[in-house]
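Both complexes shown next keep chain A, but they swap its partner, so chain B is in the first and chain C is in the second.
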Partner chain A sequence: MKISKQQSGDIGVIIIEEKEANLSNSDEFKELILEEITSGTRKLIISFKQVEYLDSSFLGALVAILKALLPYNGKLILTDMNDDIVNLFQLTRLDKIFILHNDLENAVKEF
Partner chain B sequence: MNKTLPIILHLDIPKHVDEIYSFTKTVLATIMEYKELDLAQQRRVKMIMVELVTNSIKHSTDENSSIKLAIDHPSVCIEKFEKGLKIEFSSTAQQIPFEEIDKTIKISFSEENNHHIQTLDRYKFKFLNPFVEGLSLDQIPEHFGFYIITLASDSFVYQYDPEMKENRYIVNLNL
Partner chain C sequence: MSKTILMVDDDIVQLELFKKLLTSNGYICKVALSVDIAESILKHEIPDLIISDYQMPVKDGFDFRRILLQNDLLKQVPFLFLTSVNDNNFVQQGLDLKAIDYISKGTPAKQILSKIDNLMRSVRQHYEKSLSEIKGIAEKLNLRNTPSATPVLKNFSVSFFNTSYQDHPGGDFIDFIQVNERFTFIILGDVMGKKWGAWFFSFSFLSYIRSAIRLCVYDGNFSLSEIMAKLNRVIHFDELLGDIFSTLSIVLIDDDTQKINYAGAGDLPLLKYEKGKADLQSYQSEGILLGFLAESNFNETEIELGSDDELYLISDGMIDFETAGVKRSDINIFKSKLHQLKESGKSEDDINYILFNKNTTQVDDCSIITIKKIKNEDK
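Let's look at the complex of A and B:
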């Protein structure tokens, strides 16, 4: 799973460097982000700028990450999703549960 | 777009995760040879195909899983065939074969994978809209495959053929 990490103050920014966010990398991604949370990150942004499609397995991983942040009053923002991915969140009504932003700059301002 | 309908196509399901999205796009392109689809309709087809194939790669041991694509007007039917044992539910009183027909029951595949279904016959049921009870983070699942297919389609039916020992997932779309 190729990701890159940036730090903006106390905000951890994770950029997914894959075209496909699916069954093949969802478990590894979840573990990577859960490690970030365990090591103290409470404010997280995940950028999907390079992701072409996302499947149910990856959606499940994102739900698990959001649930893991809850006990710490953490916050997760998802950014740079293409129309297909936004549509998937709308269809599953997860757009009501997750915070979605168009771009990284606006996401950082949300904290 | 003047080709005669219906068209029936039989497709082998890819064996590897990396092939899912290209397979999905190929299926969509095939449908669009016969029907004009807007962006929303294209997305529905892609989501359903991705989840049907992902489900096979994740759960099926049948090397010969296949899809039958029936393109007609106004419907497109996507049927997935898999040999093997029937679906089994956890934490539920009823299993296939059902004793009560035309009943709505709650089933689960795991603690975080619950569904409402309508029994259609002893070996057949229809997935129902999952969001009748609302949505909260505590209750939302971490398994979305069947939810997505249910929401993106006009009907999603599961059927088991005990004689052929075959699972059939039948998705209908009005496009």
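Let's look at the complex of A and C:
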């Protein structure tokens, strides 16, 4: 799975560099981010700027990541999602459990 | 569906020639000029076949094959050597490394293509045979995540359509629990994920749902909110389902009073068709995914169903579309298509056929349950 990582202070910024976030990369993505959490990252931003489509397997991976952060009082912000993906989050009430932002700059300010 | 082949050769002319041959015959061809590049491609994508040259600088074809054999996922991918080194000793070494074949570059292109076609067909047949055996065992063990029959009610008819992604068993599950002559529960869930993993976990969710409903009903409790809350709590504390999540829609039909109640968890809205109305009406529940939090609220909605109305429970595969290679999720496209088909007077079978014919690109499991009132003259 193609991702790039940046560090902004104690915030880990993950940029997904794939057009599709789906079954073929969801497990690998989940493991990568869970490793980040295990190694101490508690503030995370995941950018979907390049993602055009996201399937339920990837949604499941994101929920598992969020659930893994809860015991540490960690925070996860998802940014730059296209309208279809935001609609999917709203339709399935995932917008109630995730923090969604339009862009990275605003997301960093949220911490 | 097109099969992907990874070709590894340090000769760019050879690579381009084979790429042209394979792509013009329906394959998707990825190319790598070295073993290192091939390894980097394989980190992101597992092809259906790997074809490699032997003689390459730094790491040769045998080194590459040995690396693949150490990887549990990649060692399963069929592997062919395509090389100009035809010494018998080398051929034997290549075959000893569990390569399916060792083809000389001097072989006519048409023959190479036939060998690849035959190999891919044989892999597919082997896979289908294994799949059919597993499905047979699942049937014998009564492991089904969709029911074999629909409930028979006095005032309502219930039907469903379910098709799995790429013919693999999937994570959508359906159940009908007819408690007595009066009450029937209609269940539609979708374990997040696809194929075998989701299929396996769907039985855990189904068992919990059946138990929660039976236990609550046994105590005279028909509140969907309370059933969902209890169900959510036990699933939250199940370690096996720690990072597995499922959506759920539950509808309770009271066949005596003809009332319909609905509650949901992370599910797509229930849709209602009313003849003559400009659009399908949506009923969105407030519940979040089952098991995410120990305590969650699940609201319950009563839905009026007129004699010409229809109610639809749908899984998320129904709203995924692929057009010109671009995938997207859009419930409004689905609503508009379904509304148009209903208004044109098409039958349920025709609608399912139109929505799921072989020309429609399906990207996930798809399920739809339809509930309608039986008209007095049809009783």
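Following the convention adopted for this analysis, the second predicted complex is superposed on the first by the 111 of 111 C-alpha atoms of A that agree within 3 Å, B and C clash if a C-alpha of one lies under 4 Å from a C-alpha of the other, contacts with A are read in each partner's own complex, and residues count from 1 in each chain.
The rule is simple: a contact is a pair of C-beta atoms (placed from the backbone, for glycine too) under 8 Å apart; a residue touches a chain by one contact, two chains touch by 3 or more.
The model shown is predicted, which means the values in this text are computed figures rather than measured ones.
A.B. asks: Considering only the touch criterion stated at the top, classify A:56 as touching first (chain B), second (chain C), both, or neither.
C.D. replies: both
A.B. asks: Does chain B (first) or chain C (second) touch A:67, or do both, or does neither?
C.D. replies: So A:67 meets both chain B and chain C here.
A.B. asks: Now for A:2: first (chain B), second (chain C), both, or neither, which partner does it touch?
C.D. replies: In the superposition, A:2 contacts chain C only.
A.B. asks: Between chain B (first) and chain C (second), which does A:24 come into contact with in this model arrangement: first, second, both, or neither?
C.D. replies: In the superposed model, A:24 contacts both chain B and chain C.
A.B. asks: In the overlaid three-chain picture, which partner chain does A:87 touch, first (chain B) or second (chain C), both, or neither?
C.D. replies: After superposing on A, A:87 lies in contact with both chain B and chain C.
A.B. asks: If you stack the two complexes on chain A, which partner ends up touching A:109: first (chain B), second (chain C), both, or neither?
C.D. replies: In the superposition, A:109 contacts neither chain B nor chain C.
A.B. asks: Can you list the residues of chain A that touch chain B in one structure and chain C in the other?
C.D. replies: Comparing the two interfaces on chain A, one with chain B and one with chain C, the shared residues are 20, 23-24, 52-53, 55-57, 59-60, 63-64, 67, 84, 87-88, 91-94, 96-97.
A.B. asks: Which of the residues in chain B come into contact with chain A in the complex?
C.D. replies: 17-18, 20-21, 39-40, 43, 46-47, 50-51, 54, 57-58, 131, 135, 137, 140-145, 147-148, 151-152
A.B. asks: Residue numbers of chain A touching chain B in their complex, please.
C.D. replies: Going through chain A, the ones touching chain B are 20, 22-24, 52-53, 55-57, 59-61, 63-64, 66-67, 70, 83-84, 87-88, 91-94, 96-97.
A.B. asks: Show which residues of chain C lie in contact with chain A when the two form their complex.
C.D. replies: 44-45, 171, 190, 192-195, 198, 242-245, 247, 266-269, 284-289, 292-293, 316, 320, 326-331, 363-364
A.B. asks: Touching residues of chain A toward chain C in the complex: what are they?
C.D. replies: Where chain A meets chain C, its residues are 1-2, 20, 23-26, 30, 52-57, 59-60, 63-64, 67-68, 84-85, 87-88, 91-94, 96-97.
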